[in-house]
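Residue numbering begins at 1 within each chain, and the chains themselves are lettered A, B, C and D in the order written.
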């Protein structure tokens, strides 16, 4: 159920609706819009009677919601969300570009990446300090030392930092350094972690799980939103299929569906979506052409020496080339970087 | 094994190499290039000794081929194939656009589609006369009557006709009317049919099977090529995955891999790749951005009355809109329609 | 719609119902049962009015059918079908076992297989004469020569012959030699072929496609049944998934679903379902335990020399071991061989 | 690298090898066997020179290991692991059966399940206190209250308690009540959680992820083992495929592969593997027939009132029937309950 307030509803009237919802044992979620406020109801099992609200002062309409996700649904909030990350935005006409190495490896490496990303026009620096690795014997990241290097690179370049958090217990630590908390594909349904970043009131980049349906992805976003954190960016990064010539199968149709069903911004990760360097630029072009709100790209000054994801990392000149090509495609679909 | 002839090799020398191959019990396939001729060898099990050929007059090099497909491989013929369909081309700088209804239903319907396709800039008319349908109780196509209507539409508009052939026994019939023989996804590994269209010496549009790997798709093309028909166009049309919100998952990474591994042109079918009207235009843009050589799109004057695939068919005005958008994206990646 | 006749309905009354169906422009399918006859209606789009039939003499009930498949549905014919192949049965308490090489390679090979299969208790000899191969350069089978060798082996051992037919044009040829016509996984939706074997009035073994849903498999069976051939055996042989350590993923849950939804017998092919010799016996045991009506197993006197599927073929002594193990499991679930 | 000690090697000699490994900067893992001890080496990148060890006193052999998993590999420890849970065993000739509700809902419910499970011959009680749910608005479990009820049921029946732990921070809490810590499918690659249960020195039940390859499952087990906890039980519970008629596709071939590659016991969960009540008993029979070391089954006194997984939960009498059927199949393959 979604309670849509009249344009002229007062703060008092909005508050009264929220109190009524609480009195029924449910949880109100005020969703301010540019013209009017809507209030989502969660915590109910089964439907809630619209009559209970439609006669309250200031209420325009009580709308039953047909999808299992509510707060992230485009039914509930038709206008698109623009996530504001300390001045850099994701969503809206301008594309958000996030670039950086798979793992932070050294000061020299992360600074080289950050400078190249900045010079080419990216607004965000990505880089893993805590790395989920299939093998316990692989490089697991520099941990807090890596976070410090990311902060250092931000200081120099002004890029916003996006980095992954892997456990509820380390959200506080990562949030001390990161501008955006990234939830990796393997953790998309790590519900205690989703709740913790929901509480963190910090923008979240939520990557689609390897075999997650789009409904499951939206439900995972709903976990975060249900804790009061609506600053969520969805990321299509390829799904697991039978095909073995590419690391994953990038599902660009997903961008279309997600933007139809949800008001959240959606970006594309062509690096994981293909898994080999030679496919990254074409898929980045395609991601922009399909309507994504941004890109996340792995780059490395010396990919052949990378401690992780070397084969899919672009060299720094290749990233510059990517940005030039993507700019042209963006212009052709009415977007810019 | 691929025998690359010297630029100045004479027809006689080329012939001598072919004779030598036959004498060994194998089959020679001359592949003329713009600068020099290469000769593929098929029919061998295991490797062939390079020494047997390298000393023959006119031979530049004998190259072992590392992929199981040979005649369609980019190793064997690095320059890209442009398929010429009675004057209309597929491959090359200009994009090939094929539009039309899922099924030919009536003269009025196919003519309306053809005129709209032509007006918007398409060069090919698609339309099924023989329809593979999951249920035996569904509309199976107008059969020869449908083929005649396609020919009628060609006569009026000059569009080339692309239509599906479903069994070896009907290749002759379909070839009497069609400019391009289409092999549908369900028949990608219908090997007797592949052989028959291989013998037909008519351009072939080969759609990727629902769960076919890219290697299997190239091997299916190799079946056709091994009969001497090299006029093959590959088509990515979405694969089957766990996701249910879209009919199929369009794998645009496939376009990149196919163009890397093969010299054949590759087009994209965003209609089957998404399955619902609202995703077709964005995926068409993405297909062009990723580097496809063309598009195949389902259109219908009244999609809500279509006997098949109504939900994914564009209205005629929507197709015009698609072409406008696609033209802009094409220009941004150095292509045109 | 299914018209269930009263137990005491006369042939004349049954005929009158069929005539009524024809008069409406539909097609009647009489399905005789042990106690009463039912008549399926096909050819209708949308629902048929029950009132049109319920008042006719001899009619017990007119039942709307909820699945898109009708003739193969358990709703339409609750009693299970037992396919009778010249005296050998598939379905019923006794298990049907089909064994033999992937391809017929020589008289010595097929006779060795047939003798071993017979000695171990199999009732059917499998063996490919026409082989669908991913590569045009691989062994394609001995063709008619292979069929003759199968017939020779039948003559000696009394085993019934199961062999694949790959194109509509060769159904007559294969039917001259085979007791059961096999439709391979890649041809499950080769609709002209399904229609042709539907017309052939010969028992059909229909293998599930690599990525076919169970509903699609039943619709493929419906194609055959809709031509009047109800002697159909379904075969689960593994589906394509992301897992690469096995050739396919054998879906034994499919056996349960198919037997719930359809009256047709269902067998399991553990050889393709695993793809490596060491998994065949355990999966054969599991197939019997889950409730399959039989097994299809690849065997070879010298698997390391097989022209196809060597790695998954059992040696002849291993097949004997399989049969001993399977007999014990069969007894534990109330079946026998 | 695996160092196999001679049968007569002394503790001193074993210790010396471990010290040598540490001196090289690697980590030794002593793996005691019934006849001899082996010592695994982890922490190395690339290969280790066998010569460094083969001349040490007491060393029989230094074996390079070809798989990326080591401690859980059958190459490293050919004899099968039997996990001992306070007297109840998993692995070995006798089958381990775990039964109970999806979620612990009340004292009456869990006691009814425990009594029925015990009476029918199960040795373990399953039940979720912390529940991973796709929607934040669904029942999330009774949490610590649920753990207390499980402990109460153990006290009365003597069944060992298996229950899921969802975050690193709650491992201590869950371990206070549970005999076996369960890692759910969605957490199979939650690496911080794997490390924490690795440190917990408590038997772990590790469920395969929805789209996890078998190699990834074994690598996840390796995470746990690399912390010194070798008491690991693997569980096949169905994977995600394109088929929608069953909740998941139970991959019984996985049991065969896992038992070939690893020494760890493997059990099967037919409840999640099918997702509907009517398939659970047949798949349980198949799981035992294929060679699984046990079963995990969801039961409920009133499935139609269950707060989660009602459709796949067996009634208590159905579970009794399952055990009777499974006992017969177990006997037919040389196992017992």
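In this text, contacts are C-beta pairs under 8 Å (C-beta built on N, C-alpha and C of every residue); 3 or more make two chains touch, one makes a residue touch a chain.
Computed from a prediction, not measured in an experiment: that's the story for all the values here.
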Going by the touch criterion at the top, tell me which pair is linked by more C-beta contacts: A-C or B-C.
B-C
Kindly point out which of B-C, B-D or C-D repeats the A-D interface, defined as over half of the contact pairs being the same residue numbers.
B-C
Averaging only over C-alpha atoms, locate the centres of subunit A and subunit C and give their separation in whole Å.
49
Distance-wise, how many Å sit between the C-alpha centres of subunit A and subunit B, to the nearest whole number?
38
Please compute the C-alpha centroid of subunit B, do the same for subunit C, then give the distance between them in whole Å.
34
The positions of subunit C in contact with two or more other chains are 211, 240-242, 244
Sort out for me which residues of subunit B touch subunit A in the complex.
211, 213-215, 239, 241-246, 249-257, 260, 273-274, 278-279, 282-283, 285-291, 325, 328-329, 331-333
If you look only at subunit B, which of its residues touch subunit D in the complex?
211, 240-242, 244
Would you mind writing out the residues of subunit D in touch with subunit A in their complex?
42-45, 68-69, 132-137, 166-170, 186-187, 189-193, 195, 210-211, 216, 219, 222-223, 226, 240
